[in-house]
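The next block holds one structure in the form of structure tokens; read it before the comments.
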Amino acid sequence: MKKFTAVGDVRHVDRLIEEALRVKQAPLQHKMFHKTLGLVFFNPSLRTRMSTQKAAFNLGMDVMVLNIDKEGWKIEFRNGVVMNGDAQEHSRDAVKVMSQYCDVIGIRSFAKLADREDDYRETMLQQFIDHAEVPILSLESATRHPLQSLADLMTIKEQGLARPKVVLTWAPHPAALPQAVPNSFLEWITETEAEVHAAFPEAYALAPEFLKGVAVHHDQAEALKDADIVYAKNWSSYTDYGKTPAVSEDWTITSASMKLTNNGQFMHCLPIRCNVIASDAVIDRSLVYQQAKNREFAAQIVLQKLLQNG
Amino acid sequence: MKKFTAVGDVRHVDRLIEEALRVKQAPLQHKMFHKTLGLVFFNPSLRTRMSTQKAAFNLGMDVMVLNIDKEGWKIEFRNGVVMNGDAQEHSRDAVKVMSQYCDVIGIRSFAKLADREDDYRETMLQQFIDHAEVPILSLESATRHPLQSLADLMTIKEQGLARPKVVLTWAPHPAALPQAVPNSFLEWITETEAEVHAAFPEAYALAPEFLKGVAVHHDQAEALKDADIVYAKNWSSYTDYGKTPAVSEDWTITSASMKLTNNGQFMHCLPIRCNVIASDAVIDRSLVYQQAKNREFAAQIVLQKLLQNG
Amino acid sequence: MKKFTAVGDVRHVDRLIEEALRVKQAPLQHKMFHKTLGLVFFNPSLRTRMSTQKAAFNLGMDVMVLNIDKEGWKIEFRNGVVMNGDAQEHSRDAVKVMSQYCDVIGIRSFAKLADREDDYRETMLQQFIDHAEVPILSLESATRHPLQSLADLMTIKEQGLARPKVVLTWAPHPAALPQAVPNSFLEWITETEAEVHAAFPEAYALAPEFLKGVAVHHDQAEALKDADIVYAKNWSSYTDYGKTPAVSEDWTITSASMKLTNNGQFMHCLPIRCNVIASDAVIDRSLVYQQAKNREFAAQIVLQKLLQNG
């Protein structure tokens, strides 16, 4: 792989999942001694920050972390502008320079939720892809979170279900969130043998390209029926971009919701708003910590492949 | 040891001091290669941050640092609440996740000085103890600072005094500070053969459990008489919790104060407000840098024991 | 070397450049295994932060990064004051303590541009030099940026020009900047065989000590004539200290400016304000990324010499 930013960067999704699960069996490998990973954050990060560092340590790599907006300079990413405003450095220059000190660069840059075209163009991630001389690892971009999706698919694989019914469901949240996790989950899970459903209020339809091969429901209970996997996540509106239209039904996942399923398992990428996205009881009996643990091995196999360029 | 949060976690205090002093003789050991230390800060840190990292490097460990409130998510630590406010992640989830990527977690969480019961219940530290799957190392909690206390006792031991008279004295400070350092120093020093005194204005009595076996004075000069060790520290009121009642006498430690002692040595945990806690002249001829240096070896022996679970 | 803060700390500038270029041929050396580098930042940093870490990794060192004002304590650097204000720790104490945990300390402390004498006295850097027990590496101080200058001279050397005409030129910028980079560049380049010119508006004369051996111009076009190297940089006024007097001519470097030169190469230390300091077209065909890459090897040879104390 030359980059890891979307499912399309992966040749064989199933094989990658299997390789990641093999890494989990024996993670301390130290294959990449003397290689340097640069982690560049424009946004907060706990799981991604720690699991990716741990994965790099498992490979024997050195790691540099840069909270770029706090520790570096304010970044301009538009081309051709006269930089006499706040921004101190052009992303092109920052990327070219950083990539000279690293063997792989991981970059986190969330959707700003102001301008849909801008977010879906992945302006910042694309600057890294265009200008870096080394492989780029997405640590969540405006529209996708591929390391999360790979860990999610590992977790589902570990359940040992044949052709599981997987339901992605919207759930409430007090603030507007990007569509990166649901987009990404759908583009990955539809590459597997799973039967894929998505449930969301009508105002919360995702971008059409992510709903291909997905059975859509606007009635959560209907969607949950006989589900093996319930993947909850909040997101803001794609059509009325970044807005959070009121929803009259209660979309919080509770023990009662889970009773509709086929003894289904609850999943969420974390961080989760307890008793808003799902009740404490649901979270307590869920796969969320297993998903988080798998982030380490997802990052590790991907780092390995990026460094091997294979 | 399964955790290091209070003197009660240590079986033999004297033996631990001796072991730490032996580490000081030959710190580069690399016994813990491939082990990962996670350092989680809710509050500022210089000595603790650097000395604990150095200790881990001496052991050959990998280190991840997380300034959780700035780099991660806002944390909710109350159980059972509906998380529709500011907090983005529950401490239970954050701890469970972080502990999956680390072999030991160090956590710094100061007293907030608003609610005494809450602080003395050690709500945040307890979340780490309860939910982590790995040993927990306190980097200063609401009520204690055990790595500092161990380094302090090492420093006193290095003076080679038989049954020293040790005086903890309150000293002035422009802002309200927690009681963690004095509490901790007293609970550790009273485990040694030292004769332990504490001097503070009446309004500044520490919690009764920390004053067991301690001779209390409200007259600083009286307490300092024939002291071998003068340990100064400011703290806010325990009884009128977190407040800083006015004090009419001058409690700053000066060269004149030190003349009352038995050629006594001055100690402070740093950072110190010069010419407020103590005069420059006193600080210049003190043990403060030796205390700070010993923080490295205190952390190292404790990390080693936590990893060996012995 | 016992410190690396100005060209005067280096015995043979030409030899150091050659040694740095040899490091570039084979950077992975791991000569300094088990040595710890502490990087202390009072100001933002991208290139310096990453290139110096990478250099340390190349040498097999451990690295601790401290954004001191954000992660540590507020620092008082005046001696003898009563510390009852905002500052929580005296720089003397912070430095003595940090130097006990490190084998080399790198320190970044920019000019504040309020008090010229204070900035040119290098108050903060001097605290590190005075109180640290280990070698001090400047990561840019109030008046100099020696790692940048060394990388710049490496880059010029790589052009293979005999006695090049090197022109430092002032260029516009929307905010007031320190004089550290131009001061430093001049004190280093005048130690080489280059013919050194400096062009700036009259109000922007640098301190006299940095203009020794330098041909000064107030007409940029005249200065650029037949130049082999054009080094652009903005700085604020030294005479009207920290101010930015209006300049009527256009000092931005464009393709037209470069046509005046002897097929000259454009240099800048980055970050650069595109289309303010220089046009995109000039930056695109410049040496700026080569300069940035050389930062890694400049830091590496200097770290090596500081640790060898040779």
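Read from first to last, the chains carry the letters A, B and C; within each, the first residue is number 1.
Heads up, the rule we're going with is that a contact is a pair of C-beta atoms (placed from the backbone, for glycine too) under 8 Å apart; a residue touches a chain by one contact, two chains touch by 3 or more.
What you see is a predicted model; the values in this text were computed from it and never measured.
**Student:** Specify the angle of rotation obtained when superposing subunit B on subunit C by their C-alpha atoms, rounded to a multiple of 5 degrees.
**Tutor:** Between subunit B and subunit C, the superposition angle is 120 degrees.
**Student:** Interface check for copies subunit A and subunit C. Shared numbers divided by all numbers used: above half gives same, below half gives different; which is it?
**Tutor:** Both copies touch with mostly different residues.
**Student:** Compute the distance, rounded to whole Å, between the mean C-alpha positions of subunit A and subunit C.
**Tutor:** Centre-to-centre distance between subunit A and subunit C: 39 Å.
**Student:** In subunit A, which residues are in touch with two or more of the other chains?
**Tutor:** Answer for subunit A, listing residues that touch two or more other chains: 70.
**Student:** Mind listing the subunit B positions that touch subunit A in their complex?
**Tutor:** Against subunit A, the touching part of subunit B is residues 34, 36, 38, 62, 64, 66, 68, 70-73, 76, 79-85, 88-90, 93-94, 96-98, 100-102.
**Student:** Quick one: in the complex, what on subunit A touches subunit B?
**Tutor:** The contact residues of subunit A facing subunit B are 28, 41, 44-47, 49-51, 53-54, 57, 67, 70, 174, 270-276, 280, 283, 288-289, 292-293, 296.
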